[in-house]
Amino acid sequence: MEVSLPLTFAAGLLWGAVAFTIVGALTAGLVLAERKVSARIQGRVGPMHTGPHGALQTIADMIKLVMKEDVRPARADATAFRLGPLLVAVPAVLSLAVIPFGAPLVMRDLNVGVLYFLAIPGVTVIGLLLAGWASYDNYSFLGGLRSSAQFISYEIPRSLTVVTVVMLAGSLSTVDVLEAQRSVPYVVLLPFSFFLYCVTSLAEINRLPFDMPEAESELVAGYHTEYSGFRWALFFLAEYAGFFAAAAFGAVLFLGGGSGPLLPPVVWLAVKTAVLLFIGMWIRFTLPRFRADQLMRLAWKVFLPASLVNLVLAALIMRAVGS
Amino acid sequence: MSEPQNVEQLLFIAFGIVAAGGALYAVVTRSLLRSIIALGAFLTAVAGEFYLLAADFLAVVQIFVYVGGIVVLMLFALMLSASGVRHPLAAIDRPALGAALAYSLGAGVLWGSLTTELPAVGELPADAVDALGRALLGSQLWSFELIGVILLASVITALVIVRKERR
Amino acid sequence: MSGAYLSDVLFLLGFAVAVVTIPLVTLAAFGWLRPHYPEALKAEAYESGMPQASIPRRPFHMAYYNFALVFIVFEVETLLLFAVAPILRDAGWLGLAEVGAFVALVALSLFYAWRKGALVWR
Amino acid sequence: MTTAAVTLSSVLFAIGVFGVLTRRNAISLLVSVEIMMNAAIINLAAFSRLYEPEAMTGQVFALVGIGIAACEAAVGLALVLAVYRRFGSTDVDSIDLLKG
């Protein structure tokens, strides 16, 4: 063993802290970017007052959020109410541990990295259900149920789509998947998988046009109706952490991650992730929202069969072409 | 102190304590919600044990299926069956008798497994995930296809049970 | 060999400890900065300004459970596909046929659930 | 490690047995059964390193065990809900066909 064990633990602690900080900073950046992008798309200017062109707006928002009163409904189940946001936010950040950010910044190359990335966010569902149930509020309850139903429905086609990548790469390690894309990124070989991955990921992280669970016109704010201040901020953080993780993982799986000419890998990965994030925002402000029944029908009757067909076709073509 | 074997042993015991604690809380608490949350903690600790036992694929499957699946299913069932009840509670019957029986059964199992002569830990395959896949498509093919059949059967059964009662 | 597993666990444990501790510490650290004015009205559940009309502990539709049920079955099937996917490239036509039979079973369960109307959101 | 694993497995199994014997609520029963199931799977994972470690037989069996646990939970909870809708309770004692 080249690295001593206590050092490995310390490295884990350090990377955990780094990942959380990155996510915090990214959330601030992404919220601002999203406001500006949405403003541009909808012909507005977005936040302008705090800092030059409103650049410090989200910093001000963050300060506001940690300073806000922490209100809990009188009839809420205290333990579950506290546990909910943690169980939503922590897995979202934990899943980042296997994303290879480039040569010096591979946090951890697990043998089952791809599966780890898909499995950990599944814990989020428990958090959503707990938060909705514990609040003792009709909107929260329905919001929690809908969110979790949507999440589990899209988890299947998303995972099935990733199977094709694993099949081609011949490994479950994220680093090996990158290695296998040396010559040609998988977006060229598996364009349909890439499309399916992007759409189902958007749905799984509850973003428009798939943000039914939080449809403010119907359910107020969904499962986090009763949350305020920092606890609410954790849900918010989780949403953007999930958005970022899905984009970065998509860049690793389909776009060749950090490979590219001239610039260092981290920069290339950042550029590719940013492109995917921008597409996500673009979609959010361009398409209308789906209805709950349409969402579920899409997941089970369109995306799931499509991902199965995609898998079979990919396997057959791979076999016929021969490596 | 940082001898790998000792650290491994220590971690295994630590996870074991969390697992046993979670399991114990899950069976003795009266609150059904807490029981299920404790089950989640127990299952996560067991996933850690799997990883230490060189079964990393199994550990991830444990998180995926048990924590992200079965626990969620139980929460759904709890919430479906708790109309009008703020904190669903469940009674515990004759704990002394149950404890005595469980203790003697557990002690019997423990005695049995500790007195059995077990072979030493063998050489593990270099690429465990690969080996698992080969086993599933090779010597263990029947179990691979069998799970598929069982899963199909359980979809049919469960949907029939759920549908029958609908009026 | 087993050292790799051990250090993976240690790393992930450290990672998890950090990720769980940071929000808890932040929450506690800003506790003294936060205002705290408890009020009976504030602790009411939100219902657009009206008193809570119905309690949120009522039976919701079975459709939710149907989806959860089909979900868990498909999850196990997906994981098994993950287990065999890495070796499929050099498993030959036979391996492909074996996995094909499994995928057919998956498709059959989907078809059954579809026909039974379990995939309809009501 | 093997000793620790079989010890842990026995302890968890006993806890599961306790739950099954003392609980009347159907969901609690399933929780206890899952604990026993996991105890068995720990043993399978541990024995995978002892018997035919190259062939991964133990781990394949553990995988089958997890799959079966998932089926059991799906069918079991479907039964729980059917019972609940019929008898208005998830207590197994409330199942009384004569009253049905």
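Order as written gives the chain letters A, B, C and D; numbering starts at 1 within each chain.
Everything that follows uses one rule, which is that contacts are C-beta pairs under 8 Å (C-beta built on N, C-alpha and C of every residue); 3 or more make two chains touch, one makes a residue touch a chain.
Note that this is a predicted model, so its numbers are computed, not measured.
> Given the two chain pairs B-D and C-D, which is bridged by the higher number of C-beta pairs in contact?
B-D
> Return the distance between the CA-based centres of chain B and chain D, expressed in whole Å.
Taking the average C-alpha coordinate of chain B and of chain D, the gap between them is 7 Å.
> Quick one: report the Å distance separating chain A from chain D, using the average Cα coordinate of each chain.
32
> How many angstrom lie between the centres of chain C and chain D, each centre taken as the mean Cα position?
So the centre of chain C lies 20 Å away from the centre of chain D.
> How many angstrom lie between the CA centroids of chain B and chain C, rounded to a whole number?
16
> Give the residues of chain A touching no fewer than two other chains, as numbers and ranges.
1, 5, 75, 110-111, 115, 136, 145, 152, 155, 171-172
> Identify all positions of chain B at which a residue touches two or more other chains, and write them in rising order.
Where chain B meets two or more other chains at a single residue, that happens at 4, 7-8, 52, 54, 56-57, 61, 64-65, 68-70, 72-73, 76-77, 79-81, 86, 124, 128-129, 132, 136, 147, 151, 154-155, 158-159, 162.
> Using the touch rule from the top of the page, what residues of chain D touch 2 or more other chains?
63, 66-67, 70-71, 73-74, 77-78, 81
> Looking only at which chains touch which, which shape fits best: line, ring, star, complete or other?
other
> Where on chain A does chain C make contact in their complex?
Touching chain C from chain A are residues 1, 3, 5, 8-17, 19-20, 66-75, 86, 89-90, 93-94, 97, 107-108, 110-111, 114-115, 135-142, 145, 149, 152-153, 155-156, 159-160, 163, 166-172, 220, 225-226, 229-231, 234, 292-293, 295-297, 300-301, 304-305, 308, 311-312, 315-316, 318-319, 323.
> For chain C, which residues count as touching chain B in their complex?
My answer: residues 1-3, 5-6, 8-10, 13, 55, 57-60, 62, 64-66, 68-73, 75-77, 79-80, 83-88, 91, 95, 98-99, 101-102, 105-106, 108-109, 112-113, 116, 118.
> Touching residues of chain B toward chain D in the complex: what are they?
Against chain D, chain B makes touches at 8-9, 12-13, 16, 19-20, 23-24, 26-27, 32, 35-36, 39, 42-43, 46, 49-50, 52-55, 57-58, 61-62, 65-66, 69-70, 73-74, 76-78, 80-81, 90-95, 97-99, 101-103, 105-107, 109-110, 113-114, 118-125, 128, 131-132, 135-136, 139-140, 143, 146-147, 150-151, 153-155, 157-159, 161-162, 164-165.
> Going by the contact rule set out above, which residues of chain D touch chain C in the complex?
Checking each residue of chain D against chain C gives 63, 66-67, 70-71, 73-74, 77-78, 81.
> Touching chain C in the complex: which residues of chain B?
Per the stated touch rule, the residues are 4, 7-8, 11, 48, 51-52, 54, 56-57, 61, 64-65, 68-70, 72-73, 76-77, 79-86, 124, 126, 129-130, 132-134, 136-137, 141, 144-145, 147-149, 151-152, 154-156, 158-159, 162-163, 166.
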